[in-house]
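So that you can tell them apart, the chains are marked A, B, C, D and E in the order they are listed, and the count of residues begins at 1 in each.
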Amino acid sequence: MTQATPRQHGPLYFAWRRFAANKAAVVSGLVLMILVLMAIFAPLLTKTNYDEQKFLTDAYAMPSSTYWFGVDDLGRDFFSRIVYGSRISLTIGFSSALFSVLIGIPLGAAAGYYGGAVDWAVMRLIELFSVVPSLLAAMLLGALTGGGFFTIVLVAALFGWVQVCLLVRAQVKAVREKEFIRAAQALGASPGYIIWRHLIPNSVSPIIVGFVLAIPLAMMLEASLSFLGIGVPPPLPSWGQMINVGMNFMYFYWHLAVFPTAALAITVLAITLFGDGLRDALDPTLKGR
Amino acid sequence: MMQTALELRNLSKTYHIRAGGGLFPAVNTLHAVRGVSLILPRNKILGLVGESGSGKSTTGLMALRLLEPTGGQILVGGADITGLDHKALKPFRRKMQVVFQDSYSALDPMMTLAQIVAEPLHIHGLGSAREQTDQALDWLVRVGLDRSYGSRYPHELSGGQRQRVAIARALILRPDVLVADEPTSALDVSVKAQIINLLQDLQAEMGLSILFISHDLSVVRSLTDSVAVMLAGRIVEQAPTEAIFADPQHIYTRSLLDAIPALNPKDRQRRSFISPAQIEAGTPRYSAAALGIPPSDVPGLVQVSPDHLVEAVVTP
Amino acid sequence: MTLPRPRRVALGAGTSQTPEIPLMRLLDIQNLTVSFSQHGGLVQAVRGMTLHIDQGESLGIIGESGSGKSVTCMAALRLLREPPARITADRMVLADVDVLKARGAELAQLRGKAAAMIFQDPMTAFDPSFTIGHQIVETILAHRSARKAEARSEALGLLARVEIKNPAAVLDSYPHQLSGGMLQRAMIAMALSCRPKILFADEPTTALDVTVQAQILQLIKDVQIEFGMGLVMVTHDLGVIAETVDRVLVMYGGRVMEQAPVQDLFDTPAHPYTVALLASIPGRTGGRRRLTEIPGASPNPANPPTGCPFHPRCPVAVARCSQDTPVLRSTAPGRDVACWRAE
Amino acid sequence: MIRYILKRAVSILLTFVTVSVIVFLMMHAVPGGPFDGNDMPVSKEVRDKLMASLGLDKPLYVQYFKYMWGVFHFDFGVPFQSPGETVLQLLARAWPPSLILGGLGVVIGATIGILLGIAAALRRNSWIDYIASTLATLGLTIPVFVISMMLILMFAVFLGWLPAKGWDKPNSWYLPIAAYAMIPMATYARYTRSAMLDVLNKPFVTVLRAKGLSERRIIFQHVLRNAALPMVAVFLPMFIGTATGSIFVEAMFRVPGLGAYFVSSITLRDYPLEMALILMITMMFCLAYLLTDIVYALLNPRIRFGGKS
Amino acid sequence: MRRLLKIVGALATATLLSTAPLRADTTVYSAGDSTSGTYMDYMKTVYARAGSPEVIQIPLTSFDKNFDLNALAAESWSQSEDGLTWTFKLRKGLVWSDGVPLTAGDYIFAMQRAATTGYDFAWYWGYAGGIKNWDDVTKGKADVSTLGIAAPDDNTITVTTSAPKPYLPGVVSLWYPVPKHVWDKVGDEWAANVDTLVASGPYMVKSWEKSNNSMTLVKNPTYTGPWPASVDTIVIDPSLGAPEVGLPAFMAGEADFSYLNAGQIPFVEKQFPGQITKNAVFATSYISFDLKSAPFDNINVRKALQYAVNRDELTSTVLKDLAIPGKSLLPPGYPGYNEHVTSQAVYDPEKAKKFMADAGYPDGKGFPTIEIWYRDQGGYNGAITAPMLQYLQQQWKDTLGITMNLKVMPTKDWMDGLLNHKNNLFLAPYEYDYIDPSNFYGIFYNGGRHDYHNPKYDELVAKADANPTWDEREKLYEQAEQVLIDDAAIIPVVHPITNAVVSKDLTGEGTTPNKLGFTPLRQLALYFYTHISKK
C-alpha cells in the first residue's frame, strides 16, 4: 500500500545517524572510549601500580623509552600514574554527572510537568544555587566535610544538577504541551504514568546531553579544588592533583605538569565535543540543518 | 426518543489576564466560552464550527475534562462528570476519546505504533501485554494500516497514516463519544478524503457519537448531521447541516459560507470584510409576539424552525 | 520609481540573455532539478520542472506536501541553502537575469525588487525584534536610495493599500502585537514595497482563518492587477486556485503532471491525478456522504517510484506507467499533460 | 513591567536571605575557630575570653541577627585577619584590582569570543569554525592556573618580555588579563556560535533574504540582534563571576585583589570577612540577575510591550 | 637599561646584571612573608604581622648567623642568686625615630599588652619565658600588675620567672618594644600606619603599600645601636616569597634573591651555577600519635612505625635538596644536638616487623586503616609534606603491611583535630623560636602541644630548664629525649631546609654560609638586613 522503507528505526537511530556524520564527535567518542578502556584495564597497561615508589633512584627522570612519561618526584612511573589517574578523574566526572542527573531529572520533570507552585519552588532552589559563588561554597563545604573524593563529587553534583534540571524542565515543558500528553490524560493516565512513560523518555536527549556535559565540569572542578588544597588525598593519582603538584616542577621537570594537563585537556575536550555532537544529533530543533 | 451521548449545559470558561504595566494593572476578563449548551445525540456527528479564538477547541477540551470549566455541567450518557476527581473520572474516560489536529504531536515519538495504540488498554489494565499488542495490531488493520506497522515509529509515517493511528488509539477502548478536534485540517486534499471516509465508516460500524470541531465548512458539510456555529465563545446558530448551508440565518454564518473558496473558477466573487459592528447590526430580529416569548434586548438563541436555533434579538 | 544604480545595470546587462525570449517573459525555468543531500543520500524534491510566467499573468502551482511546489519557488530566488540543496536547470532566468549565475549583490537586487515572496506563516516571517515599519522601510532602502522619512511615508501608504485600518499604529507595532491576518497584510505590503515584477505567494493563507483567507486572496488578486505583476500562487488548496489564478500547474512527486488554463482544468481535467483530486474535494454537494478518495499515500521523495510517480495510486495505470516516465506534452493550445493515457 | 520587576526583586531578596542563613550556619558548623592556635594550642580560658570579646559566645541566631542588623547599616564588621581596618575598607582596597582585572578580562575575552563565534557560525564546518572552536574549547579544557603558569613561563621567564607578577606597572596587567580572558572568550565563542546558528535557522531569516537585504545587513542587524538576546542573559552573571576576583589568576600573578581573601577567610575562620564576601557576591549576582531580567525585557519587545501570545 | 635587560634573553641576564653600573643608593629587593598581615607589630600579632617588624624594632637580644646570642638593646644582663630574676641593662642613648628616648617602660608596656590583649604570643611567654603569673594574667585570673616584669628605672628591666630559666636571654630575642608615647595617642593603630610607625631599629618604614603589604624600608638616622643598617633602601615584596613568583622576578632583575622549589633547583643550577645557597631553618617534622587510643596506645606499634622509617633514602631521593634526615628532635647544629641520640634512629625493617607482630598485627593483619592528618601550608613545609608522607605511606605499607590515608587540612582544623583527639596520627612541624634545647623539649612538657604526660620526662625537662650549667643541662635533655625515644612518643622524620638563588651583587656576611654551611638569609631578618651589601 505504501512504498515506505521496510526497515524500522526509532528516533534514536536517526540521532545516531546524525551523530555519525559529525567527524569531530565521532573521533571524540573514540578517544573517550580509549580513555575509558584505559581506566578499566589500567593494571594491564602499566608496569607498576600508581603508588609504587619503585624507581626512587631515578626520581624526576625525564620521559624515555623505559619511562614513557618519566618518573615523578616520588620515584613512581609517571605513565602508570597518568593511566591510573584516568580512573580517578573519570570516576569523579561520571559519578558527579550521575548524581547531577539523579537530582536534576526528578526536580526538572516535576517543575516542568506540574508548573505553578512546584515550578516556583524548584526555580527558587535553582536561583539559590546560581547566586552562590560555587567555588566559595565548595571551599566551605570542603572545610565542613574535610575534603577528599566525596566532597568533590558532592560539590560537583550540587552545582551540576542545576543545568540538568533546567534542560529537563524546558524539555518537559515543551513535551507537556504536545497533544499525545493530552491524549494520555484523556485516557485517564495518572501524572506519574505520564511523567514516567512519556515525559522522561522524551527528555532523554537533554538528560544524555546534561549528563555528558556535567562530566567535564566536575573534572575541571576537581582540578580547581586540588589547586586550593581540597583535592583527592595523595597518593591517589587524580589528574587535577597531579597538575597541582607538577606546577611546582614546571621550570625543569616539565613532564610532571605537561602530561596530566594534556590528559585532562584531551579528556575534557573529547567529552565536550562528544557532548556537543550528541546535542546536535539529539536536539530536534536543529534537525535538518 | 433520541438518546444523548454527550450534553453540555451552559458551559463557560473565563480567563483573567493582566494587561498593561504599573503596580495595579487592569485585569481583563476573557470569556473564552460563555454559556455553551449542546447536545450530541447518540450515533450522530455534530459539527462545531468557528474561527480561531471562537472557543470551539476550548469547548471540546472542557467536554473531555482536559480543561476545567468555570461554570456549567458536562453530562456523559446522562451522568454529570463535572466535579469528578481523577479516580472517579477514570471509568468515564473510557467512554470518551479524542483525536487532535496535529498528528505529529499527538503521537509519542519514542513509542512504536503498537505501543501507542495499545496504551489505552495498558492504562486501563485491560488484558495481558500480549493481548494488548494483538488488539492494537488488529486496530492498525482496521484503520487501514498493516500489522507490520506495529513496530514502526510515528516519524516514519505520513500525516494521514499518523492520523489513522491516532484514530485507532482513540477507538480501541470502544468509546461512546469521540471528540475530533480539527482532525483533517493539517492533511492534504487526497488524504483528507481518506480520513473523513474512515471516520464515517467507523462511526457507522461502532454507533459512535462524534463531536467534530472544524473551521472547514466543506468538510463539515460532507461529514456531519448537524452543525453549531460558534463566534466569540457563543453559539450563534445551530441546525441540521443542510439547513445551515441552505438557509443560514445569522449574518456570521452567512459570511462564513461566503468565505468558502469557489470550487469552480466561474463562481469567483468579490468579497468584503465583515466587521463586528456589521455582525451586531446583522443579528436577526424576531418579534416576540410571533415567537410567543417575552421580548429581550440581548441576543439569545431563538428557535426559528424545529431544529434550527439562531442567536437573535427578540423585539416586542 | 528611482532607477537602479548604474553598476547594477551593467551587471544585469552583462548576464546571459538570449534574444528569442519575449520581452514580457518574467520567469523562465526549464528542466529544474532540486535535490537535497540527507544522511549521505540524495533526495530529489523537484525533478525536471519547467515553467514560465509572463508579465501580468497569474500562475497557480498546486500539489500536495512534498510535491516540490514550494521548493521550486525557493529555488527560483535561490533561497535554499546550498549545500545541502543542489539546484540544476537548463535555464532559469528571472527578469532577464540568470539566477543560477547570480551572486551577492546581484542576487540581492533580484530578490525583493525583481521578485518578492510572501510566506505561509506570517507569525514567524517577521523579525520579532523590530517594528513592522522598520522592516518595510529597510526593504525599501535596500533597493532604492531614498530618505528614511520618504520610505516611511511610502510604507504608510502601502499599509493603507493593503487595507489595514490604522496603518500608523501598525507601522510602529512589533510582530507579536498583531494578528495573523494583519501580519499577512503587512507582509504583502512589504513584498510590494519595491514594486516587484513578480510575486511568489507560498501558501499565503494556509495559516489563516476562513474569512481572513478570503480577504487576503482578494487582496492579492487586487494588487496583482493594480501593480501589473506576475503572480505565482503556490497552494495545496484547489479552492484557492479557483479563486485567484489564470493558469494552473499541477505537481506531483516533484514533477509537473498537467498544465492548463484554470477553467479548463476544473472543467476537463486531463491527468488522472487531477481528476482524482477534484473528485475528492469535500462539500461540493449537500448531504452526508462518503467521498471519493485517492488510495495510498504520496510518494516518498527519498525513494520515488519508477515511471510515472502517480502510477501506484492511479486507477487507469497500465504497465508502461510503471516503467517509463511520461513527458509533458501539449494536448491543446496552453494545455500540457504528462500521462501516457491522456490524449 | 514594573510589576514583573518587583516580583523578581522580592523573589531575589528571598533568595538572598536564604543564602545568608545557610552560609552563616555552614560557616559556624566548620570545626575550629578564629582563635585556635597555629603552632601551639591556646588555652581554653584565653580563647573563651577572646571569643566573648567578639560576641562569638552568643547563640548563633543572636549572632546572625546582630550581623545582619549591621549589614543593614553597611557595617560588615572587622576582619579578624586584618583588624586594623573594617571589612568595607578591606574591600575598598582589595576590590579595585579584581574589578579591573575581571572587567577587562571579561570585556576583552567576550569581544574576541563573540567575534570567533560569529566567524564560526557563518563559516560552519570550515577551517575557521574548527580553529575558533578549538581555541574556545582550549580555554575550557586547560585549568586557568596552568594557562597562567604557561604564560608566565613563556613571556616572563623565557622571553622576559613582561613581568611575572604584580599589579603596579601597566605592563604587569597584560598577562593576568590574558589568562583571565580565556574563560569568557571560550564561553562566549561557544555561546555565540550556537545562538547564531539558532537564529540563522529561523524562518524570518529566509524572509530577510527574500527581501533582498545584503547578507551583511542580515547578519549584523537582524541575526546578531536576535542572538544577543540569549547572550545578554549570561553576560552579567559571568561578569560578576569574574569581577569578584579569580582566586587562580590572582594567586598565580600575585595580583593584590580579592581572590586571596576568599581562601584565607575560610581557612582562617574569618567569619566577618567570609560572610561579607559571600553576601557581597551573592548580592551582586542577585542584582545581576535582576538587571539581566530588566535588560532582557527591554530588549525583547514581547515582554516590553506585552500584547498577544 | 632595565628595558634592555628584559629584552635580552634570560641566559644573559645574570652576566649583564653583574656588570651593571653602581647605583647611587643601594637598594635591595627582597621577598617578604605575609600578604595579608595588618599590624607591623610583632608584640601584637606574631603570625599575621605585616612586613618585617623585627627589622624596624630592636629586641633585647638577637642571634647571628652562627646562632650566637648578641646583645642588642640590652647592653648586659645578670641572673639573681636564686636564678629567678633577671636584670637587663638597656644600652644608653637609644631613641625612637621621632626623637623620643627608648626606655624600659616601652618594653614593659609591650609585654603587658601582650599578656592582656594578645593571643598569638600568650603561649610563648608562658611556655618559653616562664614569666611569673603570666598564665594567670592571660587567663584573666590575675591583674596585669602582678606580672613578673618591672622597670626599676628607664634603663633597667627585671624579669621574674616562676622557675630558674638560664636561657632567658635567648628567649627575649623576641622581645620588641612598643612606643608607649605613640600608643597612648592612637592605640594599636600606631603600627598600621606609616605616619605613626616610629622605629627603634636600624631601619624605618618609608612607604607601605597596603594592598599587597609591600614596603620600602630606609635607614633609621636616629639609630645608634649595634648592627646598623648596611644598605640604603630595602624593598620588601611579600609576593616574592613564593618560589614560582620569586624566580621569574629574580631573573628579571626585580629581586636580589629568590627561594627555590624542587623543580627549579636543577634549572637554576644550570642558569646560575654556584649561586644556590642552603638556608638554615632549625625545624623538625615529626610524626605524633594520640597515645591514648588504639592502636597507638600500644608502644610496640609505635616502635614498629619508628623502625620502618628510612630517613636517609627519603632525603636522598624524594626530598633531595629539601631536607636532611631528622633523627632527633633537635636539628644538627642546634645547641644540645647529640650524636648518641641520633644513632638510635635507625632503619630496621626486620625489627619493625617484629614489633608489629608483637603488637598483635603480624604483617599488618588486623591493623586498622589509619589516617594521617597534616597541615596545608606553604613555604618549606608545604614543599616537603606531601611527598614525604606519600613516601612514608608506601614504606609502611611495604614494610609493615599497614594502610595509611593522607588528609590535608587548614592549620585551624589540624589544630582542632590534634587538641580534641579527633584523629590518632599527625604530621607536626615545629620551627624554633629561640635557640635553646628547651624550645623543642617544651613542646612535650606537661602535655604541651600533644597531650603527652610522662612524669619522668617532665621532671627531666624541668630540671634541665632550671639548671644553670650548660653541660648538666645538655645531659638532662639527652635523658629527656631518651624518655621520648623509649616511649616512642614521636618519630622525628626530617629537618627541612630551604634553597635560594642569590644575586652576585648581594654580598656580605648575610649571604655567606656559616660554619655549618647554611646561609642565614631572611630567616634571621635583623642579622641579614644589617649584614649585606649591594654592588
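Assume a contact is a pair of C-beta atoms (placed from the backbone, for glycine too) under 8 Å apart; a residue touches a chain by one contact, two chains touch by 3 or more.
None of these values were measured; they are calculated from a predicted model.
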- Note on the structure: Co-neighbours of subunit A and subunit E resolve to D
- Task: Indicate the lowest number of steps between subunit B and subunit E, counting one step per move to a touching chain.
- Result: 2
- Item | Per Cα centroids, the chain farthest from subunit B | E
- Item | Of all other chains, the one whose Cα centre sits farthest from subunit C | E
- Hey, how far is the Cα centre of subunit C from the one of subunit D, in Å? 52
- Any idea how many Å lie between the Cα centroids of subunit B and subunit D? 54
- Query: What whole-number Å value describes the gap between the mean CA coordinates of subunit D and subunit E?
  - Reply: 39
- Query: How far is the middle of subunit B from the middle of subunit C, if each middle is the mean of its Cα atoms, in Å?
  - Reply: 33
- Message: If a residue has to touch 2 or more other chains to count, which residues of subunit B qualify?
- Response: 158, 161
- Message: If a residue has to touch 2 or more other chains to count, which residues of subunit A qualify?
- Response: 1-2, 4-5, 14, 143, 247, 250-251
- Item | Where subunit D touches two or more other chains at once, by residue number | 30, 149, 157, 266-267
- Interface residues, subunit A side, partner subunit B - complex: 1-2, 4-5, 8-11, 14, 178-180, 182-190, 193, 198, 201-202, 204
- How about subunit C: which of its residues touch subunit D in the complex? 74, 77, 79, 104-105, 108-113, 116-117, 119, 121, 124-130, 138-139, 142-143, 174, 176-179, 187, 190, 194
- Once bound in the complex, which stretches of subunit D touch subunit C? 202-204, 206-215, 217, 221-222, 225-226, 229, 299-302, 305, 307-309
- Query: Contact residues on subunit B for subunit A in the complex?
  - Reply: 61, 64, 66, 86, 89-90, 93-94, 96-98, 100-102, 105-112, 116, 119-120, 123-124, 144, 146, 151-153, 155-158, 161, 166, 169-170, 173
- Note on the structure: Listed in rising order, the residues of subunit E that touch subunit A in the complex are 243-244, 247, 261-267, 313, 317-318, 320, 376, 383, 386-387, 389-391, 393-395, 405-410, 413
